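Input: structures, listed below.
Each of the two complexes below includes subunit A, the first together with subunit B, the second together with subunit C.
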Partner chain A sequence: MAFAKIQVTGQIRLETGLHIGTSNAFAAIGATDSPVIKDPITNLPIIPGSSIKGKMRTLLARVYNTTLAEKPGDDGEIISRLFGNSSDKNYKVGRLIFRDAFLTNKDDLDSRDVKSYTEVKFENTIDRITAEANPRQIERAIRDSVFGFELIYEVTDKSQAQVEEDFKVILDGLKLLELDYLGGSGSRGYGKVVFEDLKANTVFGNYDVSRLNELLTTEV
Partner chain B sequence: MTYKMYIMNFHTAHFGAGTLDSSKMTFAADRLFSALAIEAKKMGKMEEFVSIAGQDEFALTDAFPYLSGPFLPKPIGFPKFEQPDLTTDVKEVRRQAKMAKKLQFIPLDKFDSYVNGTLFKDEEHVVTNIVTKNQPHVDGNLFQVSTVRFRDDSCLYVIANESELLNELFTSLQYTGIGGKRSSGYGQFDLTILDLPDGFKNRLTKVYQGPVMTLTTALPIEKELEYAMETGSYLLSKSSGFAFSTETNENYRKQDLYKFASGSTFSETFTGQIVDVRPLDFPHEVLNYAKPLFFKMEGER
Partner chain C sequence: MKTEYRTFQFSLLSMAPIHIGSGDKYTSREFIYENGYFYFPDMGKFYNRMVEKGYDQKFERFLQERKARASNNRLISFLLDNRISDRDFGGYRIKETGLETEENDNDSKLGAINEVVKFMRDPFGTPYIPGSSLKGAIRTILMNTNPDWNNKKVVDTRGKRPKENKNMISWGAKKGKEFNDLFNAIRVSDSKPFSNESLILVQKWDCSAKSLKVKPLPLYREAIAPLTKVEFTITTTTAEAASLIEKLEDKALEFYKGYKNFFLKDFPEDKIQDNIDYPIYLGAGSGAWTKTIFKQANGIIQDRHRKPVQTKMKGKGVLKLTKAPILKQDDSVQPSKLIKNDESFYEMGKANFMIKEITK
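Our next item is the complex of A and B:
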C-alpha cells in the first residue's frame, strides 16, 4: 500500500508590489478605493491559496491541454488529476492541496524601519481628447515581503507511477508563475514573485523524496 | 479503552452551515467521521475502520473549543426556571436571558456553576470573515466563501477512543484538512493528543441512568426515540448535502437526516446508530455517524 503525503515548502518573495483585491467591507474602510486582502486577526497581507491554485491552473492549462478547454471541467487528464475536476468521477478531488501564504518576514521588515506592510500607489488615467487626469489609488503589499508557501501532494496507488511526472508539472507551474504575475494589474508591473528554498518532505507514509529534491533545486 | 482528547489547532477553516457563504465555528462528529473514512479508503483500510466504528465502545464527539482547557456545549434547557438569577429586576432578567441565549460554549470548570444559574459572557474564539472570489473573464462567476480564522491560542478538540488506526488516520488528516475548500488551503490543522483531565473523564458515559447531556450530534435507534423525545430537551440539526463518490459521474444528494444537536439533555442515555443515508441506487454505502457519548449532568459526589 503506497499512501503518502509529500509537503513542498518554500518562500514566495515579492519582487514588485502585489495587489490581491478583496471585497471592500472588511479591510480598512475609507482608506483606499481598492484594498488588498488581509488576515483578519493580525491585519497583515496574505496570499490566499485559491489565488495561487487558480493562477497556476490557468497557466498550466495553456501548456498541458491538448485542446482548448472552455471551462475548467474540460481540462485534460494531467491538469484534472492534480487540481481536481468535479465533472470527472476519477478526479473529483485533485492530488494537490494549497495553503494560504502568510507573511513570514515581519521582523525583518520591522528592522528595516518599514512603516506599514502595505503601500498606497497613486495612479491616473489620462483622457486622450481632453488630456484630463482621473486619479485612483491602489493598495499593494510591499516588495521584499516574504510569504510562507506550502503545498501538499498526495501519493496513492493510482498516482504512484506518476509522481515524478506530476512534480515536473508542478515545477513548470511554479516557473510559469515566476514568469507571469500573481494578483491583479499584472500587466502594469504588479505581482512579480520568486519562489525560494523549495523543499520536498514526506510528512506521512513512506516515499523517498531525494529525486524530487534534486528536481526542485536544479530547475527553479 | 481509553478516551483521549485530540486537539486540532486550525488556522483558517470553512465549516459550511448549509451554504458556501456561511460558516460555523465547529463541526459535528459526522463530518469528522466521513473525513476519516475517506482517508481510510485512500489507505485501503476502509473495512477495518468501519468495523472499529461499529463496535459499541467506539466514541467520537463533536468538536468544541479548547482555550487553556476544554469547553463544553451549553446544556439545552438549563439553568432551570425554578432558579432565576434575579427575581427583582425584570430588565436585568431579560438582559441575562439574552446573554444565556448567545452563549454557545462553557469552560469545563464553570459548567456546574452554569447549571446552578451563574451566567457569564461567551469567549471569542474565532473571527468570521467573508472573502469574495471569482473566476476571471467569466460572467457571473462571483462567489463568497465564509471562513473562520481561529485566534492564536484557540483550538478545537474531539474526544475519541484511542486506537492505532485512529491515530494514523488523524495524523494523515492533518495535511488533508477538514471542512470545505480544502484544496485552496482551508481546514488543515496541527494535532496534539492529550489525556483527559480526571474530573472530565469520570463524567463521560455511554450507559447511565440519570440526567445526561450528549456531546455528539446523535440519533437514537427507533425504539428508544420516543422516550428520548418525551423526556429530553433538544435541538434538531439537519445533516444533508451531496454524497462524495468517485464511482458516479453526477453528484447525488444524500437523504436528509435530522439529529439531536450536541448539548441536548436527556433523562438517561440511549445507544444511537450509524445511519446509511445513501441516495437511491447508489453503488456504495454513505454512513452518517450518529452515536452519542454522554456527559453526566451531576458530578461525582
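Our next item is the complex of A and C:
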C-alpha cells in the first residue's frame, strides 16, 4: 500500500498591504474600525489557512469546473478530490491540508525601522452628489511581510497516479492567487501576494518528488 | 461567470501638485525649517534623544507653552534656545520651493508655516498613492460619462437631505441573485512607492469667479511635485470591466470637456492648464466638481454650504489653485511650459495619464 505525505513549503510575500479581517466588537471610538486577524500570543498578523484554501478553491473552480457550481458541493472531481466535498462520498476529506501562515521576517522588518507590523490606512467614501466624505480606518499587515506557507498533500493508492496532475492544479491555484488577491478589499489594491521558494518534500513514506520540484520551480 | 484577467499599465504624470492625505498632519512643533529645507524628524527618535540629553522636561514645557510670537513656537526655536545642534533624528527632508509663504506675511522668515497635512506613506516611510484613491477618481470619470448612469437620477431624496443613491450601480452579494459587481472586477493596484524628493510643500490658493482675485489660505500640504511619474496596474476580471478601462482615455477627455464647460470656463484662461495626455483629477483640493456627478450635484452642494456664512459657496464656488515652481518639461513631453501664467499657479490635483494593456 502506498501512503505518503508530501509537504510543500514556501514563502508568501506581501506586495501590498493585506487585510484579512476579524471581529471589531471592541473597537474604540475613533480607532481602527476594521482590524486584521492576529496571533493571540505574539500579536503578529497571520494568514489563516482557511483564507488561502477558500480563495484558491473559488479561483480554481472557475478554471477546472466544467459546469458552473452553485455551491461548493457541486464542484467537479478535480476540485473535490483536492479540497474535499461533504456531499460526495468519495471525497469527504480532501487531499490537501492548508496550514496557517505565520509572519517569519519580523527581525528583517525591525531592522527597517517599522513601528508596527500592521499599518492603519485612512480611507474615505465621497458621496458623488453632496461631496461629503465618510472616513474609515482599515488595518493592514504591512507590505514586504513574509509568511511561512505550508501545504500537505496526501498520496494514497487511489491518488498515486494523479499526483502530478494534482500538483499542476495546485500550481495553477498559486498562480491565480498571485494574479488575484488574498483577503479583503483587493479591488482597491490590497492583498497582492507572491509565492516564493516553493519546494516539495516527502515527509512520510516514499515518493520521489524530483518531478514535482521541477514543476514548482519552473512555473511560479 | 466568465473570467478573463487582463492587465493594464496606468502611467500617471502629475501636471500640478497632487496631495493624497494620510489623515494626519504635522504641527508647527514637529518640523524644522533650516538652510532651505523643511526637516520632518522622527519625533519618537527626537524625544528619546532629548531624554538622553536631559532636555525632556524643557521640551515638554515647550510643547505646552504658547508664546506670543508664532515663530517662537516652532521646533527650531526650541533647538536654538537650547543650543542643540544635532539634526540626525531620522525622518526626512523636503527642499523648499520658495513659494510656500503668503505674500505680505508679517513673519517674513520663510518656513513660517503652521500645520502641514501629511502625504500618504507606507510603513517604511516612503510615499505612495493608494489604489483606492485612483480607483475613486476613475469611478468619478466613468460615472460622469456613462449614459447608463449619469442620465439616470443619481440623487436619493429620501431622508433629511439629498444624497447619492449608492445602489444605482449594483455591488456586493445579494441573496438569490448572481453576483454582479462591476467595480469589483476593476482592480487598481497601489502605486510603487516613490522617493521623498518628489514631494514639495504647497499652499492652498482660492481664485474667486466673481472678482477673479486669488487669495492664499493658511493650509499647507505635502504634495507630489509637477512632472512626477507614477505607475499603477489595473486588472480587470470581466469583459464588461475591460471595455470600460479600454475606453477610459476617451471618457477622461469627455469628462474634462464637460467639467471645463460647466466650471473652468468661468475663470481666467491663464489659470487653467492644457493637457498633454488624458486628464484626471486626483486627491485633495481639486474641488467638489471633480469628485461628484457635477450636473446633478449642482445646487445640492451649494445648499449644503449655505450655513455658516463664512463657508457659503457663491455660484459654483472658487477655483482651487496652488503655487509650485515652474518646471521645464522633460524631453519626452511637449510643449515647453506646463502653465500659462507667470505667477506659478497650478490647478491643484491635476494629472494626466496614459493607459496600455500589458500583453504577456
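Basically, the second predicted complex is superposed on the first by the 213 of 220 C-alpha atoms of A that agree within 3 Å, B and C clash if a C-alpha of one lies under 4 Å from a C-alpha of the other, contacts with A are read in each partner's own complex, and residues count from 1 in each chain.
One rule holds for everything that comes next: a residue touches a chain if its C-beta (ideal position, glycine included) is under 8 Å from a C-beta of that chain, and two chains touch if they have at least 3 such contacts.
On a predicted model such as this, the values are computed, not experimentally measured, just so you know.
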item	value
Touching partner for A:Arg62 - first (subunit B), second (subunit C), both, neither	second
Which superposed partner A:Asp74 touches (first subunit B, second subunit C, both, neither)	neither
Touched partner set for A:Ser187, first subunit B, second subunit C, both or neither	second
Which of subunit B and subunit C A:Glu119 touches, first, second, both or neither	second
Touching partner for A:Thr22 - first (subunit B), second (subunit C), both, neither	first
Touched partner set for A:Asp172, first subunit B, second subunit C, both or neither	neither
Contacts of A:Ile37 with subunit B and subunit C, given as first, second, both or neither	first
Parts of subunit B lying in touch with subunit A, wherever the complex brings them together	11-12, 42-44, 127, 129-133, 135, 144, 149, 151-152, 171-172, 174-177, 181-186, 188, 244-249, 251
Sites on subunit A touched by subunit C in the complex	16-17, 62, 68, 112-116, 119, 121-123, 126-132, 135, 137, 142-144, 179-181, 185-190, 192
Contact set on subunit C toward subunit A in their complex	1, 3, 5, 21-24, 44, 90, 122-125, 130-132, 135-136, 140, 143, 154-156, 161-164, 183-190, 235, 288, 291-293, 296-297, 300-301, 304
Contact footprint of subunit B on subunit A as seen in their complex	1, 3, 5, 7, 22-23, 25-26, 37, 39-41, 48-50, 53-54, 83-84, 86-90, 92-94, 96-100, 152, 154, 156-157, 203-205
